[in-house]
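In what comes next, subunit A is part of two complexes: it sits with subunit B in the first one and with subunit C in the second one.
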Partner chain A sequence: MSSTVYVAGLGVISAIGNNVAENLQSFELEAAGIGDISLLDTIHCKKRPVAEVKLDNNELAVITGLPADTSRTALLSLVAASEAVNDAAIPNLESLRTGFVSANTVGGMDRSEHFFIDFVKDKKRGKLRNIFDHECGCITEIVADQLGIRDFMTTISTACSSSANAIFYAARLIKNDMLDVVIAGGTDSLTKFTLNGFNTLMILDDEFCKPFDENREGLNLGEGAGYLVLVSEKVAKTLLNKPYCKLSGYNNSNDAYHQTASSPDGTGSYLAMKGALEKSGLNPSDIDYINLHGTGTANNDSAEGIAIKRLFEPDYPPMSSTKSFTGHTLGACGGIEAVFSALAIKNGIIYPNLRFETRMNEVPFEPERKFLKGQNIRHVMSNSFGFGGNCTSLIFSEI
Partner chain B sequence: MLTENYITAFCTISKGVVSKNGTKIFKNTNDGPASFFTSIYQHFQLKYPKYYKMDNLSKLGWLATEILQYESFEKNNYQPEDIGIVLANANSSLDDDIKYFETTKAIASPSLFVYTLPNIVIGEICIRNNFKGEQAFFIQDKFDADFMCQQVNYLLNENILQACICGWVEVLEQDYKAVLFLAEKIKTKKSVLFSAENMDKFFNDIDN
Partner chain C sequence: MKIYIRSSACISAQNTFEIEGFLTDVVTYHGTRLKTIEPDYKAFIDPKLLRRMSHVLKMGVAAAMQCLKQGNTEMPGAIITGTAHGCIDDTVDFLTQIIEQNEELLSPTSFIQSTHNTVGSQIALMLKCHQYNTTFVHKGASFENALLDAVLLLKENEADNVLVGGIDEMNDASFAILNRLGLYKRWPVSNLDLYATKTRGSMGGEGTAFFLLTDQASANNLAELRGVKTIYKPINPEDMEKRVISFLAENSSNIEDIDLVITGRSGDTWHDEVYEQINQSLFKHTGLANYKHLSGEYPTSTAFALWLASNIIKNKVVPETVVERRGKETSPKTILIYNHYQKKYHSLILVSAI
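And now, the complex of A and B:
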């Protein structure tokens, strides 16, 4: 049994950068990655802003060495997962039991949409190769093969909490001595499928999103991938670089309220945050920063805010939604924001919540508006709440 | 040696008739599916306001599980994690998909959209009953009793579940049919063996 799970490496690709360094720089410059749709062919062009990764599939193919007709979901995944593995630089990795736990929600849907256009016109047309990797697990397999991971792999798909659950599950695999090292996180690419779906739910903002603002009007979809390399105590002792932090708490709870909405009082969010605190043995006052789920929808931010009020009252830690930079990356957001949480501890920083103007009526606190350096960040809570009421909170702590 | 499991209750809703354990308990052949389902809800004096916002597939599955359990199943004898659901049909959520697709020509309906998955009916049943065990929804051309029997026996015999609601829930426009079985490990006075033959027999009986 390994009682502690350490974060040894980080990798991220999002609308604000293709690696950890670029993401950090965008935060410092307070430069959001949201804008007009440029890569996706959709009727929503010029109408709905999104947060696209600023590389097309050909460029991603060159970086990863994968064919350009690979699903964008896999291309993004491999970029971030490779960065995380290289960053961890684990000595004798080949001799360790290594797993890949990767989340996504769209799978190879981007390729299936190509297939569909020809196929609908003529049932004999459409390249079958384009639907070969439709299923979510195929994305994980493609990337695990490239990373050379043979011991264990699995895919988690629980909507917007997917990759937080991947990290949660990976930690349990290490704690139970089933694996020594797990690359855990998630990936999602922008597709017509998700854009149209969220459009139907009437929760997309026509402007740049305003998380936790009284006048918020919805979310901007984003894409990207984020991974942590989690290691056991035994492996942590062999590392050349000091680990970023440890994963000290996690919890998953469900309020079973509605297919796509949180209960108005945020029961699921409250239980997830409370459970993660109990697991870590910390008090609410120990949390130095909350990376909010903060999608910018009326329902999420209100429910999450009310849950935070209930748990943290009367003293609220600094908090912000980095989705104001990256958009909502769905199955990837838990992984991407776990990377940001680990960096907050390592670098003593707090990220700004862009475009915040007006405090929400239902809460007595406001998110942080400025990029703060030189902070003493010991414990970070990262929230990821998904459709189906699937709510997960992770807590990262300094070593 | 394989353990024997038992059908301790079954419920069918088809062609304007509701039957429980082979006995007709309600009939209303005048209405289409939507009105018929609501007449069942009213006749049995069920009280669950959320019922009204469900799509027809969820309404049918929900009604059938209410009637299946009534005076036949003491769910509190089990842990929530020990009760599961395995369902199947041939047309997935197509009934709601078509209705939703019609609305996309004007303003796409969020309330129809959230039912465009077949396993939402399982979610509605689990939320109502606080069931937290394994669940699955299969799509197959026609009711495959052998397959269903194998799936559910596995879940029960491996102690993954102690009780399972299983069967067929299908709605497509004017056609509908629900045949649900309660499978348990305990033998009761009225129970019959949980077998593909018995499931097939009860499944086909309602059409005669």
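And now, the complex of A and C:
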């Protein structure tokens, strides 16, 4: 059993940039990617701000080489996954057992929505090309085929914790000596389905979101994709570049409280963070930065905050929600934020939590407001919590 | 480490749930779509909850609860589900609302219940189970992926009594779409004549089967789960034969050990080519069984096949309705399940008597 799993490559596309360098630059400039809806034909335009990737499907098709009528979710996925593979630059990759573990929440829903306009009128109508890649697994398959991965692929869907679960499942495949290399993370594009879904739940903010602020009013939906290239110890030794970090801890726990709401005391979040610490053999005081789930909803931030208070009291590490830049990217957020966590360790940085003004009543701490450089970041905790009580925490550690 | 199937529960188009006989009373259908026989859900689910639950949710929760009951286990160590299509009914309902009501005055219920982890998380919620909980959604490999995760958790000593299930529902919309994509027969057939009708297409299906896996030996265990593997797009039947041989070798077995092969023949001549060939070569001397005339074709139908294999071993009998070719062994001790979904996702599951 390979005891350590290393992060050898990173790839990300989000509302604040089409690659790792652009995302980092936006953080340093403290420039959020949130704005008016431009890519969807919806009644919520101008009312609900979202965090869109700043490329349309035609532009993404040119970059990826896929047809422009491919699901945007697959297009985004391939951009980020390809960047991660190139970044890792693994020697003799074709001779290694390679897998792709990707997450998403609604598959090719952006295309299915077009199909259904005609289909609801008459079941004989609707262009089949638009429904063909509806299933979540189709998105993974399209990208795996482009990357030439055949040894293993799978798709995980546990709502907003999906890609955090994909990452640690991938690590376990390496630890069990089933694979040498796994590209792991997740992707989701904005759809009318999810926009309307969250709208009916009345948890979308009409303004730019304010995670962990007493006066927060909800989340902004985002889109994007984020992937890590995870490798075994054996492969890590062959790398030309030093790996970014290692995945030292992980845990998946269930809140078992409500289908969409978090328990008031954050049971699931607490168990996930505690379990990840136990797995890594670290103490709460070892954590140098927490990348919060921090969606900006009253319920999540309160539950997550209380869980952090229970676990970390009395000394709280710096923390922030990068969703204040990228919006909530649902099935992609665990992957995107894992990329940010690895970069925090490699570059010694802490990301700002934009628009924070007022501390939440229930906790004695505040998120970091400024972009900080030159920090000594040894261990980062990344939280991803979702519908169905699915709570996952990952811990990344310096090598 | 040996991994055992402690218990199982299956809801299908046959009498497979809470029934004494083992496929002795086969239900015949005429058409192109098999629907599940609905149990009395009130025995498993609070009526207040039941009203709001979709078909897939009711099926999944009831099968999971029955599986735990059969395995005398109140709290599983993990809950893992596999589903290709997820909560189709709620997804279609919410999509239809968006279009017909022009995004206004939508009900959140169908959105809430449309996420793919709804079944797994509802089971956790009802049991107050805080343990590992995940959902695999990878097309025709969803159940096998879930099963592999369960095996790994046991091997890692992370959990015992892992509850794992495969589940897919079919509604009128998904049937209509998959029918237009050519998955089902153009003309109605009897499910008992599925393999005799030499045409393209199968019969659509749906269902669920849950399993409780443990590494604790017990005389009450149904069977030993020796291995599971998925293979993406094998080059040709010869390549697939090699993969079968190496899978068996990886699990300390060989083709001579196999008493019965349950294949995923679907009645679709294009789909079944690989079985026709391999049944005459590698599987020439083994007994053969079919199951899709009972379950219908759907991406997680291998959960039905594993329920079938476990019960063949436990009951020491091969039900007449599944026999394609009698093997030498009337009570098979080692069974290989070989299925593929739409020729892309091939899978192998090996089970043995305890």
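The rule is short, and it goes like this: the second predicted complex is superposed on the first by the 395 of 399 C-alpha atoms of A that agree within 3 Å, B and C clash if a C-alpha of one lies under 4 Å from a C-alpha of the other, contacts with A are read in each partner's own complex, and residues count from 1 in each chain.
As a working rule, a residue touches a chain if its C-beta (ideal position, glycine included) is under 8 Å from a C-beta of that chain, and two chains touch if they have at least 3 such contacts.
No experiment lies behind these values; they were computed from the predicted model shown.
Aligning the two structures on subunit A places subunit B and subunit C in a clash.
Shared-chain residue A:201: touches subunit B and subunit C both. Shared-chain residue A:68: touches no atom of subunit B or subunit C.
By the touch criterion defined above, A:31 lies against neither subunit B nor subunit C after alignment on the C-alpha atoms of chain A. Greater residue coverage of subunit A by touch, when subunit B is weighed against subunit C, goes to C. By the touch criterion defined above, A:256 lies against subunit B and subunit C together after alignment on the C-alpha atoms of chain A.
In the superposition on chain A, A:21 makes contact with neither subunit B nor subunit C. When the shared chain is aligned, no partner comes close enough to touch A:45: not subunit B, not subunit C.
Counting contacts by the rule stated earlier, residues 197, 199-201, 256, 258-260, 388 of subunit A appear in both its interface with subunit B and its interface with subunit C.
Residue ranges on subunit C touching subunit A, taken from their complex, read 79, 84-86, 91-92, 94-96, 98-100, 102-104, 106-108, 111-118, 120-122, 124-125, 127-139, 141-142, 145, 149, 152, 155-156, 172-173, 176-177, 180-181, 230, 232-233, 344. Contacts from subunit B toward subunit A in the complex involve residues 104, 108-110, 113-115, 120, 123, 126-127.
Chain contact summary for the complex, subunit A toward subunit B: residues 197, 199-202, 256, 258-260, 388.
Those residues of subunit A whose C-beta lies close enough to touch subunit C in the complex are 42-44, 105, 107, 112-113, 116-117, 119-120, 123-124, 128, 131-132, 135-138, 140-141, 150, 152-159, 165, 169, 172-173, 175-176, 192-193, 196-197, 199-201, 252-260, 267-268, 271, 386-390.
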